[in-house]
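These notes are about the structure you will find just below.
All chains are identified by letter, namely A, B, C and D, in their written order; residue positions are counted from 1 within each chain.
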Amino acid sequence: MRIGVLTGGGDCPGLNAVIRAVVRKGVQEYGHGFIGFRDGWRGPLEGDTVRLDIPAVRGILPRGGTILGSSRTHPLRHDNAVRRIKANLAKHDVEALITIGGEDTLGVAARLSDDYGVPCVGVPKTIDNDLSATDYTFGFDTAVGIATEAIDRLHTTAESHMRVLVVEVMGRHTGWIALHSGLAGGANVILIPEQRFDIDQVCAWVTSRFRASYAPIVVVAEGAVPRDGSMVLKDGSQDPFGHVRLSGIGEWLAREIERRTGKEARTTVLGHVQRGGTPSAFDRWLATRFGLHAVDAVHERDFGTMVSLRGTDIVRVPMAEATAKLKTVDVKLYEEAGVFFG
Amino acid sequence: MRIGVLTGGGDCPGLNAVIRAVVRKGVQEYGHGFIGFRDGWRGPLEGDTVRLDIPAVRGILPRGGTILGSSRTHPLRHDNAVRRIKANLAKHDVEALITIGGEDTLGVAARLSDDYGVPCVGVPKTIDNDLSATDYTFGFDTAVGIATEAIDRLHTTAESHMRVLVVEVMGRHTGWIALHSGLAGGANVILIPEQRFDIDQVCAWVTSRFRASYAPIVVVAEGAVPRDGSMVLKDGSQDPFGHVRLSGIGEWLAREIERRTGKEARTTVLGHVQRGGTPSAFDRWLATRFGLHAVDAVHERDFGTMVSLRGTDIVRVPMAEATAKLKTVDVKLYEEAGVFFG
Amino acid sequence: MRIGVLTGGGDCPGLNAVIRAVVRKGVQEYGHGFIGFRDGWRGPLEGDTVRLDIPAVRGILPRGGTILGSSRTHPLRHDNAVRRIKANLAKHDVEALITIGGEDTLGVAARLSDDYGVPCVGVPKTIDNDLSATDYTFGFDTAVGIATEAIDRLHTTAESHMRVLVVEVMGRHTGWIALHSGLAGGANVILIPEQRFDIDQVCAWVTSRFRASYAPIVVVAEGAVPRDGSMVLKDGSQDPFGHVRLSGIGEWLAREIERRTGKEARTTVLGHVQRGGTPSAFDRWLATRFGLHAVDAVHERDFGTMVSLRGTDIVRVPMAEATAKLKTVDVKLYEEAGVFFG
Amino acid sequence: MRIGVLTGGGDCPGLNAVIRAVVRKGVQEYGHGFIGFRDGWRGPLEGDTVRLDIPAVRGILPRGGTILGSSRTHPLRHDNAVRRIKANLAKHDVEALITIGGEDTLGVAARLSDDYGVPCVGVPKTIDNDLSATDYTFGFDTAVGIATEAIDRLHTTAESHMRVLVVEVMGRHTGWIALHSGLAGGANVILIPEQRFDIDQVCAWVTSRFRASYAPIVVVAEGAVPRDGSMVLKDGSQDPFGHVRLSGIGEWLAREIERRTGKEARTTVLGHVQRGGTPSAFDRWLATRFGLHAVDAVHERDFGTMVSLRGTDIVRVPMAEATAKLKTVDVKLYEEAGVFFG
């Protein structure tokens, strides 16, 4: 069989590990051939391909990014997209597609597979860990590790100078990275998009921490929002979104804490550092196993499915279901962490 | 309630994270008091205690080792052990014990709890990940991360010089560290205690790797054993166990590969580097959650139980069952990795 | 002899390593006694002291921050400061002071030693590496290492998405961290305070990098300033300083590059992550040797001097001279790096 | 001008950084062309070459090993070697050679340049830091960092179990890695080849450390030798060299300490982990600057010279002198570290 592979959406450490596992097992155990499509759905849409054999995947296991490139192209918005994709697959004798991506990429794969007869198998990928059908997605552990290391470093400097240190981490819609890294790093306040925060409560935690003679670390997900929605700019203008574009929630929090508590505050914005570079051992393991099982699914022609982690097992779930719902941080889990606040 | 805490067996990154979580939640949410027993079961046996309150657990989250010390004391082998332990608990008004340890430590706790009415709750701990009742134990992810980083570093030097590099990792009875780090590091051969290896097969993989113009990395668990059991010393003596004590399986393998393939081979023995130092973010998260749930179990007087990870949930299992069986590497899982050998 | 020790100014990985070396050698080889003063010059000014013996320095070598605390208290601005300091030293039988700090802290020590007969020996400390009398200061190598690792991680994500990634690093007055980390990380543009930059040139480098099919990384010191000084806010207001307070030069650059080149740009602001946490091996070595040689200088009553690195030797220089001049990045060195721009 | 480049001897993190800097500056600033010779001197001897232009050096800065391969081929031992090398250089229009290597590789380059009119410029490379003409060689800082991190990890496990932990590090003839990592890691005993050690003294330090309630870490260079030369095997045979081949000085020390002090001891042998993987920021900076200055020297036809670090400057020294003498650890420097022993 000849199998196409593509990676879509934001990049994530572990993408290359999936690609390598797919090709190694597919070629060596099943004798299948592979072809890469470039830049997510743009590849099959425009017929942009790249050679994908065993030499092509040598040495890529520890490398971040994706050798296939990525994009946020959403093909079903293009005219004749399905027809063009089918034509390009046929042109390259591709009988099945392994699509590695998040909600959007897999949502397209699910529709192509279920509605249009393009045989797809999905591999879930999101740095944010917010796909409901799998315990974890690769990339998440790496991001949490990087954020935790940053928090570790901030503790000593916070305490030597009795300063508030605010760390803004990834997470527009869900607070998984903030929650895990905040807990692992011993943060004193963790703010997540799922729970609007009360700036007075934040300042109370900050102040109580100082009373215990320690300086606080505040971890905030980029998508966290204050309860009253009023992020007042210093110059008096009141547009929270315009403001957020200017400096982000981390910078806003630091200034607000300074203003309200009189304590010096500084901000770290980790940004894309969290999604780049070599994957953690856990993420390589998970990505590799996802790859091995995805090629099994294709080999068994079990299309429309996605591989998924359940405990320590890799299982298959219907792709359409898997991408239907965002996995948010449960309020009980957040409250469990609350014992460490303040 | 006044609750005793002890840590037994080999040390493991994350022990301090458990202790901190237990004390923080126990004091702040439930109003319980705590006392530490030193050096595993030696503490309650000899009445050796240490203060354990919130100031005592400040700053210990990222620190390896255990502030309570550890030992391999097996109390039930001592005369009057149960009576002495009960007397010492009574003397310090201790109504329940949280015992953090591996098979041995928890085995004792199970018997004390089930047979002698000493109320215990267990927290599983083994760097080797070989406890059957939990998906993972803390410390394991850290060990795998350290071994994987070492393998990463060896790749460049292997290839610049076309040398075989052998890495000996922990694992006397199970190959979990070898399997996970070998897979994550892209090893070309992985040898585990569960599957006796054939030295001819190992040399065939080594040779085939060189034919592809790359130099091989061999990851071997310290407890791996060759199929024919003959580890011949250079001086002609044939005692495999005496020999293994002299230099370990890693050193033996390197010499044997050199002798049989004519390729230069070098060995790295990671040793206790794998179980020391700061825990990974994953291990801190797991250890912290184990601690939070262990104190819940004590608070609910659910004794004789052990906390355990199932998927992303912490559940309780009977301690006696939990410690009954070693979790070994399944042959199917090992074969899954085999696609990367050679 | 009884010797006081204090740490002043911003914290820096390696401070504890100096303190440990001072005490270990002073006590064991010379039989001197030590006392710590808290929070920089506030300690001797207010007589705030802390025990400083061998048990007090156990285990602090790898720890960031300073066990003595720090502050930016500038004592000579206080009434009767010299008299109060002398009185407090006399009260604790302190015959000499080891002052660990940057330009300000050492400037005070130089005046106290040279003009007022308070016997001081200095140890240079600045994360920015901008003291002219020494080849390197400890903390700098750690900061460069952290920034370089961040840049490494950004490369893969830059290239998978063809985005500009801007990293803002420390350096208000000098560009040493930006230059070293930018060179070590393979940045495509490095902007330093010593050389006003031309935003058109920056955009030209960015564009040329994209033409070579790679995505650029821009490293910018927090104190870098555009040539024409006009940092125009989106809302039309033109106050560069107000703006910089809002979001920093990194954020400004990303927006400006987006606006002018049409390429997506994202920012990472490392902030205090660069000055916290465990020191690098180089910094521990340097800090330890500074400590050993500082106590030698005190023992030999060679006051008014500062220890300094010259090649691989530790030498002594007059403290007054050492703190007189800022060590800026030489234009030739910056041009040497220019071969990698674009 | 057309310039050849080769890398010889053991690999070392930073080799690729040199190659990249040489090519970037040579092509962009001077308009020179480059060609790579494979596997050290084997390349020019056998005419084995590889393309070396700007695309060939993209992305190699952070990568360990060498894209040119390496070997220990010593050409002057081959018949007609000089004639063959000259013929191969002529065949490829190569007018000058940049040779990156240690004592052996540069010794050959010095003779070729000085005695046979083959225009060479040298770049010093040794992980061991034992070249007398330069303050540091790249690779050394990386090795020290890796060894220090291992020692850090061992501290917690040493103290949780009151065990002696022995770490064997690189250094056959000089103890630079042992000394720097031992000092940076807070080792309690450091043993180097330059000073024969007294096993009784080692055991006395170990015992005194335990008396202070801490467990000792012993760092030993692989080339360290006991004073009396008697390394007695357990089975009674007395051949120290045969024994050392079996298990190395680290393993021997652990057993000997166990036998003499009655304390448990364990060994870590870091091996080639120390010379592989990504270079530290310091090593990338040094290697890059060496590369930039080496191509300057060739451009100025200043042959027979080697680039060298003096303080923070890169200077040129005669290659013949530079390779004449091994830089060993000075006894005074070793004694300086002695304050931390025991």
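In the analysis below, contacts are C-beta pairs under 8 Å (C-beta built on N, C-alpha and C of every residue); 3 or more make two chains touch, one makes a residue touch a chain.
The structure presented is a predicted model; accordingly, all values stated were derived computationally and were not measured.
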| query | Within the chain touch network, how many edges lie on the shortest path between chain B and chain C? | reply | 2
| task | Tell me, please, which chain's centre (mean of its C-alpha atoms) is farthest from the centre of chain D? | result | A
| field | Separation of mean Cα positions, chain D and chain B [Å, integer] | value | 34
| How many Å are there between the centre of chain A and the centre of chain D, using C-alpha atoms for each centre? | 40
| field | chain C and chain D, separation of their C-alpha mean positions in angstrom | value | 30
| task | Could you list which residues of chain A touch at least two other chains? | result | 152, 155
| note | The chain D residues in contact with chain B across the complex are 10-11, 13, 63-66, 69-71, 146, 149-150, 152-161, 163, 165, 234-235, 237, 242, 245-248, 251, 266-273, 275-277
| query | What part of chain D is in contact with chain C in the complex they form? | reply | 24-25, 28-29, 58-59, 61-62, 135-136, 141, 144-145, 147-149, 152, 155, 180-181, 183-186, 214, 278, 280-282, 284-285, 288-289, 292, 310-312, 336, 339-340
